[in-house]
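Structures for review follow.
One chain, subunit A, links the two complexes that follow: it is found with subunit B in the first and with subunit C in the second.
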Partner chain A sequence: MEKGSFEVKVGLAEMLKGGVIMDVTTAEQAKIAEDAGAVSVMALERIPADIRADGGIARMSSPQVVKEIQGNVSIPVMAKCRIGHFAEAQVLESLGVDFVDESEVLTPADEHNHIDKHAFKAPFVCGCRDLGEALRRIGEGRPQLCGRRYRHACGRVPDDAARRRKCFRRFGHL
Partner chain B sequence: MKRVGVLGLQGAYAKHAAVLRRLEIQPVDVRRPSDLEKCEGLIIPGGESTTMTKLIQENDLYENLGEFAREKPLFGTCAGMILMATQVDDDRVRTLDLIDMTVDRNAYGRQVDSFVDELEVTADGETFAMRGVFIRAPRIAALGEGVEVLASIDDEPVLVRQGHHMAAAFHPELTNETRIHRYFSTLKREMSVA
Partner chain C sequence: MMQLGAESVFVGSGIFKSEDPPARAKAIVSAITHFDDPAKLAEVSYGLQTAMKGLDMAEIPEEQRMQERGW
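For the complex of A and B:
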């Protein structure tokens, strides 16, 4: 029996297709998301843009909150960690988080290197702005892609859509 | 079967459609009751059973699926298997009551416990080995008498058939395996025990 292989990581990503993954900061919010039909919830400490605006460092959620969320819902629980912060990712993995989001909305811990995701049993999801970033993240062992604006969630949908389209088009060329 | 529906509300529907195409069976994306008219059988894919329950309700599919299942074969994998059961350990999930079994959700643990294991499948008098991919898999806690076990792991059933319906705790659509889908495509209503 093998666990934590790329096959089972991609497998969970397949199961989430066509569903909504809701950002939540408390167990109560997670329950609301599940009752509303979410396929998964993503644990956040606070709205990262707010933390940054206050001049703070946006980190992973407290392990206590992640545990409370896991205890309150039956759908997969994801959590964000800082880019390059493998220790946060290890904590999340040991908590049994179903997906780790190495997220550019948190404050990066390493400006140059992402986490070596092959070393983990838990699957990762990361954002990307173009094909180069996407391929680099896949090389590091990420089974799920997510088109993203960098750093600030500002809700500029046309920018976001254009970026995604560019990314998919280049995948098509490959 | 020449045309098989795949419930396309949420989950791994695209992977099932790809396996069907390899068998030269035309997949039909089923999202509305009228989509069922074109299908000779239906696959309910893996995904989240709580989400699927909501979407099946929203799309008024429960009654139509029940009616469809009386005449035609259904195959549920993972979350789909949960929906095929007569009993589930979560009252938020509404099942279709097609296979006499009790199923526990996520009974093998979280994603870090998801696994791949060797399976021995016996179907149609033929036995073969294949790899079974189990993702946050459900577990069959109890089986009724009329249910045939086609594969097990450590004496626990993971692939079962009752009459013209079939269910798997694992994901044959995630491997290069086509034999499970091919077997499903041979099921007929006459196989039902009256």
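For the complex of A and C:
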């Protein structure tokens, strides 16, 4: 099967089923996550709670930290880039990350376009609020989706549950 | 979330903003594995220290809500 084809990307996402993906900022945290049984780790510069607390611009994960994390664990490593910032995604792909997360947690780099993910061999993950957004991301070539709100250091469940119910119900109709 | 049909779960600040990241990370993995077994869920939550503080969504102004980004 051809490397980086849509089928391969979907297969990679299938391997995460039933598992937990944990945000980590250092190689030590990644090891803790792996030892705890995480199926994957998400490498990022600052965790969302700190991004919110610190303010300012949040950028892609540092290549050096990504490399250190890759060297310290054997589970898949994901890393975040800004929405629409295809150059960041290219750098992450060149580092060999297993998934690129085009993430709303970071400061968006483009207000009109998400990354054309068909141009990449690396698979992507991304948040979505509703069916329309999910389908737009899939149309751009993104095989794995996650409901939003869970990722934003808020810890409030009702909004998340409601949105997820809405998303899943509509996925169910397809 | 798993009972609502999620296939996997992303955990952001919840682990490394808690008082006991290794124990909490293990507990979260067990909880996802046994998501449909309330007795097991109670069991894995024993002995944990304080969770991350968290914020009520209602207290975050709309323009600062990250989930509204993207299109």
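Throughout what follows, the second predicted complex is superposed on the first by the 164 of 174 C-alpha atoms of A that agree within 3 Å, B and C clash if a C-alpha of one lies under 4 Å from a C-alpha of the other, contacts with A are read in each partner's own complex, and residues count from 1 in each chain.
In the analysis below, a residue touches a chain if its C-beta (ideal position, glycine included) is under 8 Å from a C-beta of that chain, and two chains touch if they have at least 3 such contacts.
Because the structure is predicted, anything quoted here is derived from the model rather than measured.
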Taking subunit A as the common reference, can subunit B and subunit C both be placed on it without clashing, or not? Answer clash or fit. fit
Compare subunit B and subunit C by how many residues of subunit A each one touches, and report the one with more. C
Kindly classify A:G11 by the partners it touches after superposition: subunit B alone (first), subunit C alone (second), both, or neither? first
After the superposition on A, what does A:A38 contact: first (subunit B), second (subunit C), both or neither? both
Just checking: does A:E93 make contact with subunit B only, subunit C only, both, or neither of them? Give me first, second, both or neither. first
Does subunit B (first) or subunit C (second) touch A:P76, or do both, or does neither? first
Partner chain in contact with A:R129 - subunit B first, subunit C second, else both or neither: second
With the two complexes superposed on chain A, say which partner A:G19 touches: subunit B (first), subunit C (second), both, or neither. both
Is A:K67 in contact with subunit B, with subunit C, with both, or with neither (first, second, both, neither)? neither
In the superposition on the shared chain, how near does any CA atom of subunit B get to one of subunit C? Answer in angstrom. 6
Give me the intersection of subunit A's contacts with subunit B and its contacts with subunit C, in residue numbers. 16-19, 37-39
The residues of subunit C that touch subunit A in their complex are 1, 4-17, 21-22, 25-26, 28-30, 32-33, 52, 54-58, 60, 64-71
Subunit B residues within the subunit A interface of the complex: 8-15, 46-48, 50-51, 54-55, 78-79, 90, 105-106, 109-117, 133-136, 171, 174-175
Under the touch definition given earlier, write down the residues of subunit A that touch subunit C in their complex. 16-25, 29, 32-33, 35-39, 42, 47-50, 52, 83, 104-105, 108, 111-112, 114, 126-127, 129, 133, 136, 146-156, 159-161, 164-165, 168, 172
For the complex, which residues does subunit A have touching subunit B? 1-5, 7-8, 10-12, 14-19, 34, 37-40, 74-76, 93, 96-99, 121-123
